[in-house]
Each structure stands twice: as C-alpha cells, then as structure tokens.
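Letters A, B, C and D name the chains as they come in the text, with residue numbers starting at 1 for each one.
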C-alpha cells in the first residue's frame, strides 16, 4: 500500500525532453513522476521544438524560466554545470529522436527514462545498453499501461500455477481513432507516427503492440516465443509501408500458441486493450478499460471477478495499491507505479544497491530491447509475405522474469 | 413478428434419425421443429443406436410405438409404405454417418435436415446436392445459432453501408469444456468427436467453427475469402491429429482481413462465441452469450446497444421476432427460426414455388457445402505447416447472399 | 435436466380463453404449454372477443374449426358434452374478466391456469379457492418470469444459509414503454391496463410488481412482510387514480427491510427487472435481462458469476435445465417450466397424489392470493397518504415455502 | 482539457490537519491538491493526533520538519508568524472536530477545505458561513466523487432538456465492508464513525449519502426536495442509534419522486454508488465503478454509452478532461478537479474577482450546509417513526445551480 511517503532518501532532480503543450503524453510522464513529490522533482526541461512555446509552457508548470531550455543539447550542457543540476531525464519526443537524445543524456551523466518504442533497431539498443552500463546509469522505458497492479496479480497467479500450464495467449491493442486519415494530415502527434523517417519501421506494431507485448512478458516471464508470423495492412493507403492494422500468430517454446491484434482502424472500439491467458485449468482476462477488475475463470467453477485492492490479492499486487477499496484507480496510478520504480532503480544504482536492482520488476532497457526485437521480428515476417519466422531475441534481454 | 400462426398449409410429417436420450442436440431439433406445431409434426423416429432405448424414448416424447424404428433403413422402408408416411427427416447422428443416411433419405423420397458438418468431403456434398436436385428435395443444415435475428440486423446494416467498407472480420467460437480429456473417455457425445473415423478430418474446426463461418457468410454474403492460413493444435495429445484449438487468418477478395479462433480448451470461457465486423466507419459486435443485444460502434459517436425486438431494427430482423420487448429470447428461438424456414422451403419445393426458394435465406445445402469447404481449406493449410493457401470454393455454392 | 420426455401419463386436453392474435401474452402461454407436446395438447379455444377473428386465429394455430368457440360460455358448455373435452383452460384475458371466467371454468369441471393479477380483491380469491377445493381442481397463476431456474438456485442458497441472515431485499420491475400516453389511446393491450374498471385497483403494481413479489416469495419463502409503505404516482395524469410508478418500503418480521420500485415510465430502461437479496454474509443478484447468470457476492471474496446449467448449481435448479452449457435459455424456458409444473400438479390432483401436491413448488392459487393481497396492501397504504400499514395476509396462503 | 499548466498565478501555501499515516483519506487530499504543483504546495501539517508519528509522516511526504506541528492550534499560531505562512488548510479529521478546527482556521485568517459532513448541525454551518464571509475566506467541502466530469455532462444534458422533465431520481451509495462489526472494534478509521460523539447524528447517511446527495444537486440544481421519509436501521446492534443502512423517499417540488439507499452492510457489493435520473423522454445513469462511462437511454432508441473525453461531450464536461481517449481516469482525477476549483475560488477571493466566484461550480460552504440539512431532515424523519417530513432547507444555500 502506497500513501506518498518517500521510498528513496530524497526526490531526484528530473527534467524532460519533449512533452510540451501540443502533445498528450508529456502530462502522463509528469502525473507519473510527480504524484507524491517524493520520487522526482521537475527542475528543467526542453519541452518543445519551438523554444518560446517550450519556455512559456515550462514556466506554466512551475519550472524556473532559466531552466526552460531551447533544446536538449543546451539543457544537458547547462545543467551539467550546476551543482543542483539534472540527475535524470525523460524523453517524450517522436521515435526517430530517441536514440540521439538518449546517447547524449548518458554522455551527460544522466539516467534516462524513454518513450517506447525505444529506438529503430535492436543494434542501437544493444549499443546504448552497453553505454548505460559503462556510465553506470539506468535506462527505463515508459510502457505506461504496465503499472496496473493487477498485471502483477496475474504474474503471481501464473507463477503459483493457479491457471495450470499456459496454452493460449490472446493479446489485443486496437482502437479506431485513425480509421480515416484525417488526423494524419493535421494532427502533429499523429502525423509523425505514419512517417517512416520519424516513426521507424512500423506504426501500430510499435505504437500500440509493444505495450501489450511487454505486459505479456511481465505476466509470463517464463514464456519465450519460438516463432511468429505477422500479417500487416495499410488500410489507409498513404500510410504504406507502415501498417495501421496487424495480426501476429505466435508459437511459444513450451508448446503454447498466441495471437496479437493491433490496429488503429478498429472503428468505434473503446475497449480494445486486452490480455487473456488460457491455462490448462483456468484463464485470466484483463481489460484496460476495466482497470480495477481481473477475471479469473476456472473451468467448471463460477466465474470470478477479482477487484483491485482487496485483501485476497497477492502481496506483490497490493504493494502498488493506493486508493483503497471502492475507489477507482486508472491510468494515472499505472504511470505513478512505473515512475516510482524508476526512482527506486535509479536510487539503488546511485547507492550501488545491486540486490534491489536484481529484484525490482520494472520496464528497464532489456524490456526496451525486447520491444524493438518484437517489432523487428514482426516486420521481418510481414516483409517475407506474412511467413513464419524464427523469433530472434537477446538472451541477456530476457530478464523480465528475473525475480522469479 | 411471429406468433405461431401457420406459415404453410399444414405441418409436415417429420421424423428423426438419432437425437435420442443420451445426446444433447436432439432436443434442440425438436424444440426448433415443434415450437408451434404448425410447421412440423413428429410422427416417426429411429432415435437411438440401441433400438429398445430408442423406442422407449420415442414413446415418451409422444411418437406412436410402432413408428419408433430400430434403425433408419427400416424407418425409411416402412414409412414409404404408409399414406401418411414421413415427408422430411432430420439427421442428428455423429458426423461419419451423415452421408449414408442422407443419401438413403433422398432415395426414399424424403426432404432432409442434417447436422453440421454435413459430410467428410466436399465431393460428397456435391454428389448429394446433385441427388437432391434430381429428386426435387431440400437439404437443410442445422447451423443452430444462425437463427438469431440480430444476425439479419447485421446483414441489413452491412448491406445498407452503415459500417462502411468491411476491413476486419473477427470470428470466435471457443469454450473450455474439453480442457481436460475426461470427457473424451466417458462421454459418448464427446468420444466420437475426437475419433477421426467418426468425426472426420477435424474436431473443433468442424464442430464449432463451421457455425461461426456460416454466420459470417450470412452477415456478409458479398465477402469471399481469397486465401487463408490455419494453425491447429492438439493440446490433449490423444486427440491428434484432430485439433482442440485452431487459429485461422483470412484474406478476403475485397482487401479485408479476418481471423477465427476456435477451441474447446479455452478454460473457463463461457462467452466465447462472438463476431465483430469492422468497417471503415463503424463496427458491429455480436455475442452469443448476449443474444438480445447488438453493439453498434460508430467511430466518434456514443456506443450504441441495439436491443432485440425494438421498432428501430430492420424489418428483416423483426420478421423473426416472437416474444416482444423486455422478454429475453435465446437459443430455442434461434432453432425455431431455422426450422420454420426449412418448413417454408420444403413447402415451396413441394408446390414448385421457385420465387420463395430464390429469396428465402436459410442454411441450405450450399451452406453445408461451404462449411465442408471451409474445413478442407483449413486442414489443407494446417497440414502444409500452417501455410497460406488459396481458398477453394464452389462458385455455385456461394449463394448465401442470393437475396441481396 | 429436461429433454421433452413425458412427466405425466398423457398430455392434458387444454384450451384457452383469450390469447388471440392481437395480444402478446397468449403466445407465451402456448410456448410454455406446448413446448414438448407431452404436458398439454391444445384442443379448443375462445381466443378472441371477435369470434370470427378468433376462429381464423385458432385454425391457424392448429385447432379444429369446430372447437374454436365464440366465447368461453359456449366453449365450456360444448366441451363438457364431449368425451374428449377440455380438462384444463388458461385464461389470458384482461384482469376484470378473470373472476367470472375462472368461476365458470371451475363450475364446468375444469382446472384453471389464469393470468395475474388473479382477481380484483382477495375476497374473490378466497371464494374461488374454496370453490376449487370443493371441485377438486387446481388453479395456477402465470407468473411467467418465475420459471427461471436460477430463482430456485437462489432459494436453495438462501435455505442453506449461503448468504447468512437476510437483511435487505431489493426488488425492481420497471420499464419505459409507457413514458408517454401514446399507447394508452391506440394499443388495445395497453388501453385496458389504465382503465380501473378493467385493470382493477392498480396499474403497474398489479401488472408488473406482482411478478417480482411472487419471485421474492419463491426465493425466500420464510420471509413475511410485517408492514409496508407505498407511494404511488400517475405521471401521465389521465391514468389517475391508477399509478404508472410506485415505490414500496417493506419491513419484514425478521427485522429485514426491503424496497420495491415498479414503473412503466422508466424511460429507456431495458434492464429493469431485478432482485437483490442482501444477507449478513453475502448477496445474490438476479437480472431478468441476463437470464443465464446469477451474481453471488460474498463480502471479502471475489465476485462470483454462476452460470445456468453448470454442475455446481443446486439439484433443484438443474432439474429444470434443458439446453445445456453455453446455450442460452430465455423467457420461453421460464414459461415452459411453469406450465410443466401446472401439468404435474393437475395430473397429481387427478390421481389424488397428495404427496406430489404437497411438495411441488409452483405458482398456485395461494400465490395468486398473495399477489392480490400485495396489491391491496400497497393501495391501502398509498390511499392513506403513503403511510405505513400493517401487512394483511392470509395465514393459509403462505405456502410458497411448503417444501422447505 | 487540463494539462497541468497553472490556472492561478502561483500555487497556494497549503497545510493539513489530520490525514496522516493511519487514515485513508489524507492521501486523496494530497493527490487532489498536488496533482500539478501549480494549484497548491504542501508546506505544513498537523497530520496526526500522535505528534511524533505525525512529524515522521510529514517529513516522509516532504514537509520540512519544523513545519510538522503537534496540533492545529500550534500550527495556526506558528504559521501566522511567518511571511510565507499557510494560506489555506484542509481538515481531514473525524467529524466531531471539524467545527472547532474550521472556526480556528478562519480566525487564523486561513481559507478552509473541510471533509464532509461539515459539522453536526446546520446552525453550526450557518455560523461558520457568516464567519467566513466576515473574514473574506472560502470554505470548500470535499465531496470527493463529485469531480468526475461526467456529472457535469449529466448537468448539461438535464439543463438542455435532453431527458425531458425529471420524474424519478434514483440515488444509491452502498457497500458491504461493515457487514460485520469487526472493523468497529479494531479499525481506527471505522471506530469513530459509529460513535455518535465523534460521528454526529448519523453514520452512513453522513458518511456516504451526503456525497450522492450533493452529486444529485450538482446534476439537477433546479430540483428541490419538498418532503422526505427516512427509514434507518442498525443491523449491527452496537451501532444504534447510528444507522448502518437507510432508505429515503423524496418528493420534489416539481412533482418528481426519488429514492436513496445508503448502506455499509450491503454484503459483497462493489458497485453500489450510482445515480439514475429518469426524465419524460430519456434517462441518464452513472456508476462510480465505471467512471469513464455514462449511459444515456432514450425511450425507443438504442441505448447509448457515452465515453469520457470524446468530442461529442459538452464543453463544460471536457473542460475537466486530462488523459485523453482510451485512457482511464479514476477517483484521483475527481479529487484533482475539485481541488483545482478550490484553488481557483480562493485565488478569486484573494483578488476580489466576484465574477469567477459567481460562476464557478464547486462544493462550497452552501453545499456543505445542504449536506448537513440533508442529514438533519433524514434523522428527523427517522426519529418520528420513518414519517414523511417537510424538507427544511436554507434559501440562501440553494446555490449549486447558480451558473445556470
């Protein structure tokens, strides 16, 4: 149970690149980071590609004017000169800029929290991972939905065998907000997502499904994909080669099978982010649109709906509980949970507390690497005519399950 | 709106092969056929492989003792001698017997209503179809879920363009009642389903997904599959080569894509029969477990839940309405709707009323043929290592949409 | 588990008064009675106030022309002359005619099944009850929703103490189909419902809430109302003094409290028939719009959804099960269950089988009497300015729980 | 749309009385107040009745040690000496202490935000209201659920006539967490709630139903109660005379009727906070457990589910929107919305901006007064044997609808 009391000695000095007035995601970072003012303190930012607008915005959210910088290069340089300079920076910019900013931040001695998908290629991630290790820094990835504590409940139930052996994995993250191309032309936040130069090799696979893929790893860290097949489409032709709809079939090493559907043309859908794990005895089902419920279906028994915050939930789940029974949590709490773990990881790294780092479950750079790998495997399959391909992964990356 | 008043001049003299005390499906046939006693009259039966049990059962449901026959051969022979003999017979036996019984029935001058999947091969269906034409008889297929009138509402809305161009088709029919192999050993009705000699080339693809596939054709008669890929598994090893779980990916000729999941190992699932049709403007979603509701999701508008029997529904939908608003219909009404259409078709055939036959939408032998084709295509793909295969169909079979 | 096999030696010869083409409820009687053709056989009818229309209708549903009578008096007289004449008659006419027809039927030696509310006054019911006893006949009352077997599940769970001591009873039966007075003027079936001369002393209290009140007695036969308060309104003024909305508060003898809301002006409501029973340990909740589900909420445990037909349900519940798991039952099955019990009761009465009569749970004349008592108490309270009144009941009527 | 940018010139210097480690509600105040660090800044606190624990807690949430005070008297005195002293204080202590602390705070020149129910008697509220006016200070009341912006959507739709004339009002706030008296003995936060000396004249009426009553006023400011009847019970006898369950019936001045049910013994209920407003054309239904949805049921049309954040919602609703479509908001956002409005009100008061004060809709002292009036009327009715009583209100208090 969390109540805002500090989990680390003092809040970390935190800044942002991107996340300004025009985008939607920056506010989620701040909601996550600043929930209790005991994990992070926002001290600087290069919030906007338009320096004046960025400064105006920064001041409006309480950053001192002189620490609202025109760009990240200046911010990293100037902050490095201060005794009370930045310690950690979040990158909430379009995909195509993540790699350079992340590298610069690490070189500037900063811990990094970065939007997903991390970079364009897994080679880039491997390189940055090595750099982070060299610099002794944390790189976290904001899979912002993955902080919902009922996912940890699922993880615990899977681990304890409460559903039996996993047989079928159903993953979905779809919506219909881009069923037409209206947004592609006028909405800045949408425009770059369908431009391969900025978005990278995929649209919805990277934008949506990396979340769900990571969440599946979080729930079932022991499950490894053996091969997959991806079939992707561009229903709005101008988006090609980037897909606005994709199907993936998976074969896992243990004999389980799985599917993923991701789409931004699922017209009218407001409930499209879901995970169902079918075991030999029971199934678990989680819907993002019902963030306070978890469905547990044991074959031959009444259907159970588990409710967030109840004492019958696993300790690991309730450790991230804040509001108490009958009080609905939502996406804000999910981001807060993730950011708190980033803070704990960074603090542990600073203190050389390897035990904490070895046991803390959070979306670290390995999770980011696996996300990029996921996209690469999907695109490779799709580009071979939607053919089955062996899943290429990084052995060292498969650490989501480290605490098990 | 139906209220039991006759739709044909007099009830047809009807009998059954199979459908006795030990099975579950026979009662559904009788519920469907005998709803109003104005479409069919049950006059004879060879209800059971055990003649004594069959006779006892037949008498118990009101058939005269002497017309409870030990087997279908005797029934067809004896009834043919009567002036008031059988006119139509329903076949509710294990798959492997359908072909022979159907052929014998047609040769005996009977109209036929047969369980799905019709036969083992499409060649057999083509042969029987020719025989039925030669004999001037109807062959109907009991896709028992397809009588829910909200499927006709979906058909009408698709036809009128209310969802725009179809882009994505999501089909699912799963349950978890065979998550273990307990039933395979002791339950007669389950035992034969996993025996290829009796079930044919598939288990759940034939047993479950043929329903959903037909319903998709009913809703979207204009949509033709171009190619598909089927990935099937036997999670209970003793069921191999028959699958207890299968995934299918589809490409339609108009550029749409689709998926189907069918399973009898979806542990704990009680809601697994669903259809979602995504168009360029809106989506329609139907769940068998909510048979009185249809979800209509227009992108950018409030989600709409359409309720069975309301005046805002299409005339074609409300034509099959019986109970009125606030009064829940269920699977019984679905079967009643189908059987009533069988009666109307048979009556029209008897009267030589080709116009009725040309416009009546019901699961006829073409629907049965397409169902077998569906299985054949899926199995062919699965047996090629879950590879994409061109969909082979019968041009003449594609008549579900004839009235459009 | 029911499959249509006979429960009594032969089907009873059954007729109807009312229930013709223009009304909605007659079809429900026939669906209920004729489900399996092993309980009742429809042989005669005075279906309509318009004799020609009634005859046309009767013939259309399979009654021989000469047994389609112009009125009930003729039917009773003519049928009495036949060897194969009527044995039991259902009365599906407006309220104001029930008493006379019922009395005539009993005098004609018939068993009676009558629509609710039975008569205008409890004195009339007491009189008819005595007459039925004198004549050795059954009088059943068609509380048509009460055949849903999950109500028996609730009854069994309450009886076994699975919710603890009952504290709170929430009853609701509301809809919005008469939010305007459009129907009052043009719809024959609605017109008489708001005319005190035909409907009796109440509109929605009698038309709707008697169902729910009976169902509450069925679930909790041991619970007796001590006093109640009824507050009724006529939102459409022309309906006064008959109410289109009413609230009732109840105090039970065991200290529990309860509420009932009934309305036909609950605009847009399609889910308004519900029962919630709160015990000291857990609650049960049933919604008519989800007839295959029962919610069981144990304080401090995951919410349970019990699904119709599953083996974990009580034997008394599954005794009325027909379609099997995954197959949705609806209102048709509810009516079929009630009518089957009427047949069993009548057959037992004919055979003098008192044991069956003593244990069979079905809506008999006592249930009808209690329903009229309910209305009388509500109206008495309302007419005293919505004041608390002691609940007047008939000691002998409180027999719904006789089998406990 | 809110994104954290400042709405007032600078954050207000804010402190808390109560809300320490052992209670649950203090964290909600801080989540609400400190969401963006642009409305409030937490600078001081007397968090706990145990000074050492309070100081430890305060330091842990980032308050400087010397501004963690042993009690509110000291805090008000010491802070008054500072140039940068407190400007506003929130009171999150048991009911019985509100009046004294509030008075002291006003005398100390502070604006006040206080938990509900405000005080024990409406006379106390009238007195404090006068004092606040004299001192030129704001007193806000934390009806914490009332910040959900879909309530403003309901208000707008009611105002625009989209449901027609209001006829029926259904209010419910129930749960089952006190179905036993376990918590009464050991849980500090529950113990005082059932002690009349600390809780005041009611338990659940004050603790729960004041929320829902205020929300009903927010939605329908024009609706005034004319008379009511309250029937309350103490199912756990040791709670008497305080009720753990209560029913209220209401008559509104416009002829509408309403009901409220509040309970803490509704065993197993996790969905019990609901509002349904029935109009002559349509109904609106809101469930706290589905905070991102609003059900709009127009008689004769498909049921509509409105989704938070969508452009089709009213401007007044979307003004409080933060996270964007598909991103679930919860109780945190509700508290944030209320606290932001407190800040805006206080800032306007400081600046003498009467126009803002005249139009801002938030739970002010009049809302607090009406809440106490509500309890008084209910208790008066209950104590007269659950009799109808005329509703006594304060003419000047009825200002929730001031902006209409």
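FYI, contacts are C-beta pairs under 8 Å (C-beta built on N, C-alpha and C of every residue); 3 or more make two chains touch, one makes a residue touch a chain.
Here is each chain with its UniProt name: A, B, C, D = Oxidoreductase, Gfo/Idh/Moca family.
Predicted model, so just to flag it, every value in this text is computed and none were measured.
J.: Report the chain whose mean Cα position is at the greatest distance from that of subunit D.
T.: Greatest centre separation from subunit D goes to chain B.
J.: Between B-C and A-C, which chain pair shares more contacting C-beta pairs?
T.: Per the contact counts, B-C leads.
J.: Just how far, in Å, is the C-alpha centre of subunit C from the one of subunit B?
T.: 35
J.: If you average the Cα atoms of subunit A and of subunit B to get two centres, how far apart are those centres in Å?
T.: 44
J.: Report, in whole Å, the distance between the mean C-alpha point of subunit A and the mean C-alpha point of subunit C.
T.: For subunit A versus subunit C, the centre distance works out to 56 Å.
J.: Where in subunit A do residues touch two or more other chains at once?
T.: Subunit A, residues with two or more chain partners: 177, 270, 296, 301, 303, 307.
J.: Please output the residues of subunit D touching subunit B within their complex, sorted ascending.
T.: 296, 300-307, 310-312
J.: Residues of subunit B touching subunit A in their complex?
T.: 163-164, 167-168, 170, 176-177, 179-180, 229, 231, 233, 235, 245, 247, 249, 255, 257, 259, 261, 263, 265-270, 278-283, 296-299, 301, 303, 385-386, 388
J.: Which part of subunit A faces subunit D closely enough to touch in the complex?
T.: So the residues of subunit A touching subunit D come out as 3-6, 11, 21, 24, 26-28, 30-31, 34-38, 42, 57, 60-62, 175, 177, 270, 272-273, 288-289, 291-292, 307, 322-333.
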